[in-house]
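Okay, got some structures for you below.
Look for subunit A in each of the two complexes below; its partner is subunit B in the first and subunit C in the second.
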Partner chain A sequence: MIRSSRGLAAGLAGLGLIAVLAVAAPLVWGGDAAHLSGAAREGVSGEHWLGTDALGRDVLARTLVATRLTLVMTVIATAIAGTIGVLLGTAVWVAGPRVREIGLRLIDVMVSYPAIILALAVAAILGAGTVAAVVAIGVAWSPAFARLTANLAASVAGRDFVSAARLLGVPPHRILVRHLLPNIAEPLLVLLSVAFAGTLTALSGLSFIGLGVQAPSYDWGALLNTGLDALYTNPAEALGPAVAITLTGVLAGFVGDGLAAGADPHRVGIPGRVKKVPLPAAPPEDDGALLTVDGLCVSAGDVDLVDGVSFTVRPGEIVGVVGESGSGKSLTAMAVARLLPDTVTADARALRLDDLDLLAGAAPDRLATEIGVVYQDPAASFNPALRIGGQLTEVLRRHRGLGRRAARERAAEALDAVRITRPEARLRQHPHELSGGMRQRAMIASALLTGPRLLIADEPTTALDVTVQAEILELLREANRRDGTAMLFISHDIGVIASLCHRVLVMYAGRIVEELPVADLAAGRARHPYTRALLDATPRLDTDGDGGAELTTIPGRPPAPADRPAGCAFASRCALVMPRCTEERPAAVAVGTDHRAACHAVALTVEETAS
Partner chain B sequence: MTAAVQEAPAPGPVKAGGRVRNPWIGFLLRRLAGLAGVLVALVAVTFLMVQLIPGDPARALAGTDATGAQVARFRHELGLDRPLPAQFGSYVSGLLHGDLGTSFQTREPVADVIAGRLPFTAELALLAILLVLAVAVPLGMAVAVATRGGRRRRLDAAFTFATGLLGATPEYVLGTLLVLVFAITLRLLPAAGASSLSALVLPVVAVALPSTCVLARIVRRETAVVLNQDYMRTARGRRLPPLALYARHALPNLLTSTLTMGGLMLTAMLGGTIIVESVFAWPGLGGRVVQAITNRDYPVIQGTVLVLGILAALLNLLIDVLLGLLDPRTLTARSRS
Partner chain C sequence: MTLPAEKAPAAGPAAGKLVAEHVTVVFGHGRRAHTVLDDVGLTVPEGTTVGLVGESGSGKSTLAKAMVGLVRPRSGRILLDGAEVSGLRGARLTAARRRIQLISQDPNSSLDPRMRIGRALAEAIDPRRADPRAHADQIAAGLEMVALEPDAARRHPHEFSGGQRQRIAIARALVARPEVVVADEITSALDCSVQAEVLNLLARLRAELRLTMLFISHDLAVVRHVSDSVAVMHRGAIVERGDIYAAPSHPYTRRLLASAPSLPPKETR
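Right, the complex of A and B next:
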């Protein structure tokens, strides 16, 4: 990121300047710092920018001169902490498993105690003074290094190249130096800059309370201490060292943040621009529709992820949406549910659930009770911190005004309906106490709890194993038969879609390319080249008696949202491609009852048969 | 602090014989064993503190101008002429009887010294920790919610800058500046002492403010992570009002990760407290232990380090219990790291 690398540069430059100051200041201002001017505790003046101390010495000169001792102490203490810590951490790692276990525990406990208490103990043993302070702070900071080293070593040690080296008989210390240390250097560097700031603060603190540097020597902490006494007569005397300590700490923080950001591989690219393409004409109005989606666009910045999608769902109908990942099928579903992430926006000519206008900020009560949603990953979709009961009942209590007991009874019934055993006990459990399949059944129970008119299921079986998949599909089928709940079912698996749905929408690169009844799909009457390719790429157990149909893959990949062409997005992978396909976006043409395809080649054959 | 803690092995699966066992039992047993281990270690360390003094401890303690006879008498008085196990035995049995020794300097029983000082340190540290939690959590959450998805970039930049600067300012520097502004220039609050309630304000703020900034940044980052979780989308799907959404669904989860990372910082605030006491002439343990170290008053140092160590151990335990209440999964986890 631009900002953090700028911070890193600023931090390094600032620390560099301070280092130069540490070398030069005693040579340049050493005389001024020791010169007794006779004007004690004088305020700020042109001659003494920060005034003078109790003996009439120039405070600014003393602050600058103190840079050297402060920095030298800080560097040595940081080096002590780093050396002891890395040695301890690696020793723990090289040692046998029993010693390692005990060592790690010990380090954990040490890290969780304030460094200052350990520093007090060391200072007590060695007596107050510069050396004692440096050793105390160095020792006190070493557990942090030990833990990081041990953690990093453990993560690196599990990787292949270390196992390989070990198998080849490379001795542990060689593995350590050749393979481990270089691979953990970067995070250690980050900790080093954090520790630098920490030891600076702690050392100055010790000097400040009188346990560190003793007169006549002085560092910033000692100067701050004398400055505190003079706060009433010359406040500037404390300001000098206060600013010095804080500034150096902040600069070290910049370096740490910059290094940490550089080590972090998660960087987000900014999507490029794409030219707007005119939307295809609206499909004919469907009067009996429960859900009407017309010209839905979902965009991130200037990029359309879903590009003019129109369809309807009738009461009691299960409509499947199939497509590869990135085709915009889940975004379409979440746009209907009004649950898109913050980073994208949705717009449409119309988005209606019966009489409920989903575009114009529909009432929360109606949204919550009339649309049920089942999500892809049941493990991630339940709140891990709350009990199942609380999560299931909150819609009923919030939007249906049910009391606690009534809501729990309803929730238990709903769990029972999805065949979860001991529903009362389950309500008291946390999500992690349930199995994956059970969680998804509980999610279905939660979605059906309010008797919604539309159930949106976003890849509800993808995260589950095959035997559990079948149970989930059966539950959905059952809810549809029993209550006539209409569904919008999203899946990348055309086989699953075919077994559950009444009608299928095939999406490709943010658009619907074909819409057909599942009977047409099963009978091989799909027309769009992409749908046909998708079917050819799907293994089918039922028809595969003599190994007749060969499994084929679709060459190439769908275009990224920012690179979608003006014409048909499938053109570059299509066997039937014509010059027109790359220039003009195909409109959906009717090829049968409830069957439309958006393809120039298909349109051509339809025109021929018609004429 | 150093401590040889070998906690009891983690209990196996939660279910024993088909019954669901309360995870709190195992957790508390392990924690109590850990606490006992820390206690043993603290006793050992404070005992060794005198033994580890370079050279002859008796000579170092008696002073450089003491005669040979004086040193010998001192050594006998302290029991330093007895074998090590005997010394340790009497140290431990003294502790068990609540006898922490007698101050070299003032001849007061150390237990009395600590009893008179501990309440002030505990008051300061606990108030500061409460203030940190009370301010940092709502602040970090509010900023995360306000800047989610790249909104309000200026607020984002201002928050990052201000918390970065204040978070890097040591407590004692901040305390000095607070005295300068609020006590000397504005004359609003007392500069030192613990005589009135208003005297608490500046020390508590000085201890709390830097940690508040650091914690607010952690909270903000963790909130941003939590807001992107699937379960937050589920909660949004239930169309809850903002308060229920953030307080009920987001807060417990971000507190878990925040406490996991920031818990050490809360314990470390004890260190900040000890140093800040010097700024405000606060009559707590910090000022007393500094005086004791300067005068090599070992019984007082030993007692203070022991008590501070126990205080830190209790704080750590408190944070773990809090984590367990927020997220029961941490009860069976082996440690916070």
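Right, the complex of A and C next:
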């Protein structure tokens, strides 16, 4: 990521310089470029750094002067390609399903011809010349844009916010401008820079073979053409324009790569971001732990989003994390997986997966293979533009060094293991061709592919129906039984947690308020007032059913991360609150085996029973 | 806050506010044709909530989309206040659409990631101009209704957690002042306490706005809690209606009841 953003900067700076050159060169060197020195076809000399051409004109000056025409042509051709393409691509989307199908087929056919062949055909029809060449190349590149636009628009148009806008009565052209284009702008920009490099080469090619710019005008391609005649007498004459074309193309490529990396939704925070807190490390409370998290804080600016979270996961254990929306469940999990967004930072006293110190950064290979992640958002977990196969095999090929064939076989096996039918065919499909449940299963397959020791699953069943959810939970149980994969399973659904996990962490306002074995939860031995309130707010099949009776709610809402009080964060909503609660943050007290609660009222009863 | 509902012409007592009649939906053509809904009939009487449960792919969301006009049935009709809406086009379709709002299940996809919350709500109030400054009060009131601060309007969806986003989606549907709400799994992404709040909120709005609702959920306990009556969908058809909890007659209903993740009964706690 660092490299690509440097590449982006270098590319932009380089292209900027070339643009300045395009403006300035004809003014500065225009005279030299047209001046007939009388010394025709002279080699490299102090006076003429790249020699002179057949009429004795300075090649370097001509190359520099040609920058303007070349760049202007390239920009216009790229703009033509982009405009036609985007219009076509969106028109196909706005049209009805019949037209859409025909349009997409047509675009597919056009894309399958190399752009240069199309360009030659158009140029042959329009005849030789500058304008003809620009139009030809512009038209030739437009199918690529049309297809990308159509694909991207299709994936955005399928999202709920577009249908919501339609239901609200937003006119189609406004949906296009307001919702579609902004959401596909990034990949289009990437393609734009790729197309810029492509049109540059293609235009130069046309001029080179004499179909493009005609004398007395000249661009780099035309210079290359004349330079080639003198290849044996003065190779430098061809070298000038050749280097110019290559350099500009490469710079545009840098920009494209940089933009593409920036647009990747799964851009990972820079490894090594987690800083060690300068505190004496707490003695490891659990020697056999697979994952040890001690004093984890995640903050955005000065605001602590996750505030001193400590827990362990033992080998083969499924630990559930339950808590309200915004309580920091996802951030905690993503801090462990080292997948935090750039906007937040994490600190911890200790963060360790077995012998792997997650604080030390580095070891991306081990991170990628030993921790599997199933995201909360199934729509964002796969890149909509790429096929399932490529996305599944990427980690195997990158971090496990498997070949293409072997990786595909493993991926197909993994899909089969999560009971996805016709796995081979699925690998060739795009994410939107799978149903929500299937996509989530594919995600689980992908997370288990490298045989991780810890699986982090963030609300993997939230968007699914109850019978599919039951299947997914069974898949996870199976992986746990078969491979002994430990899991950190996040859910807001206490019923799901109770049916899957061995141990439960209850989070509230960025802290763990209670930690207890599922058996205790099931037996009604939850002690923390928040956990108990959570259980009471859950509608249940056995007792409810009067249709519309008020559910027990917890009054108020959790404090925003910036407004968390010094004392207990639950104090403003707690029925058992006492003066001490608002002043002093409750520490976790043991109330049973593997059972701790952070609450003053609970601590009091523990003391009473002890004395 | 209270949202005055536009008074709709009273329909005959038997007609129902929102009715699906023999609705069949087929996706694809020729050999690839796939019947998703098969002759579905469902009536949502004015001022009541009908619950719809069923497994993934059984067609619940498709029925929801057909009800609001996002999916065109191959045959059958959708009636709003006794008038057919399934055949409408153009401006009349747009007008009918605003009277029925769909709240959908995925909080990650229901909001445009590039659009501030205020603008998203403004779009619901005025779909053409979508100017948040012109409707600041209404936007604040809408956010208040779902327990969010007014300054949420200035932020983007990614700055909210999943549950908060879902509440925003609910606010967006409600500021459009619909007569009928089709709620597709709207609480499946919410926490219990917020879910309880939203369910209570929906109950209040139902009473205040005389809102009519089709409530789709996989959570039988939730459906049982909010609905006046329940229909069970299986493989594109309604297989059971009525008191499915006490006396489930269809085998699928029994399976559904059995796979619900359960908490220990209240008595033991």
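Operating definition for what follows: the second predicted complex is superposed on the first by the 316 of 611 C-alpha atoms of A that agree within 3 Å, B and C clash if a C-alpha of one lies under 4 Å from a C-alpha of the other, contacts with A are read in each partner's own complex, and residues count from 1 in each chain.
The rule is simple: a contact is a pair of C-beta atoms (placed from the backbone, for glycine too) under 8 Å apart; a residue touches a chain by one contact, two chains touch by 3 or more.
These numbers were taken from a predicted model, which means no experiment stands behind them.
> Check whether A:Ala197 is in contact with subunit B, with subunit C, with both or with neither, and answer first, second, both or neither.
The answer is first: A:Ala197 touches subunit B but not subunit C.
> Which of the two partners, first being subunit B and second being subunit C, lies in contact with A:Thr593: first, second, both, or neither?
Neither subunit B nor subunit C is touched by A:Thr593.
> Tell me which partner A:Pro235 touches in the superposition: subunit B (first), subunit C (second), both or neither.
first
> A:Asn183 in the overlay: touching subunit B, subunit C, both, or neither? Say first, second, both or neither.
Only subunit C is touched by A:Asn183; subunit B is not.
> Does the superposition put A:Leu211 against subunit B (first), subunit C (second), both, or neither?
It touches subunit B, and subunit C stays clear.
> Under the contact rule defined above, give the subunit A residues that sit at the interface with subunit B and also at the interface with subunit C.
Residues 376-377, 380, which sit in both footprints.
> Along subunit A, where are the residues that touch subunit C in the complex?
Residues 159-161, 163-171, 174, 178-179, 182-183, 323-326, 330, 376-377, 379-380, 435-437, 459, 462-470, 473, 492-496, 498-499, 522-524, 526, 532-535, 537-545, 547-554, 557.
> Residue numbers of subunit B touching subunit A in their complex, please.
Touch list, subunit B to subunit A: 1-7, 20, 34, 37-38, 41, 45-46, 49, 52-54, 60, 148-151, 164-165, 167-170, 172-173, 176-177, 179-180, 184, 191, 227-231, 233-241, 244, 248-249, 252-253, 256, 263-264, 267-272, 274-275, 278-279, 286, 289-290, 292-294, 296, 298, 301, 304-305, 308-309, 312-313, 316, 326-329, 335-337.
> Mind pulling up the subunit A residues that touch subunit B in the complex?
These residues of subunit A touch subunit B: 102, 105-106, 108-118, 120-121, 123-128, 147, 151, 197, 201-202, 204-205, 208-211, 224, 227-228, 231-232, 235, 238-239, 242, 245-246, 249-250, 253, 334, 337, 339, 341-343, 364-365, 367-368, 371, 373, 375-377, 380-386, 391, 394-395, 398-399, 430, 432-433.
> Touching residues of subunit C toward subunit A in the complex: what are they?
54-58, 60, 65, 68-70, 94-95, 97-98, 100-102, 104-106, 108-115, 120, 123-124, 127-128, 130, 147, 160-164, 169, 172-173, 176, 185, 188-197, 199-200, 203, 218-222, 224-228, 245, 255-257, 259-266, 268-269
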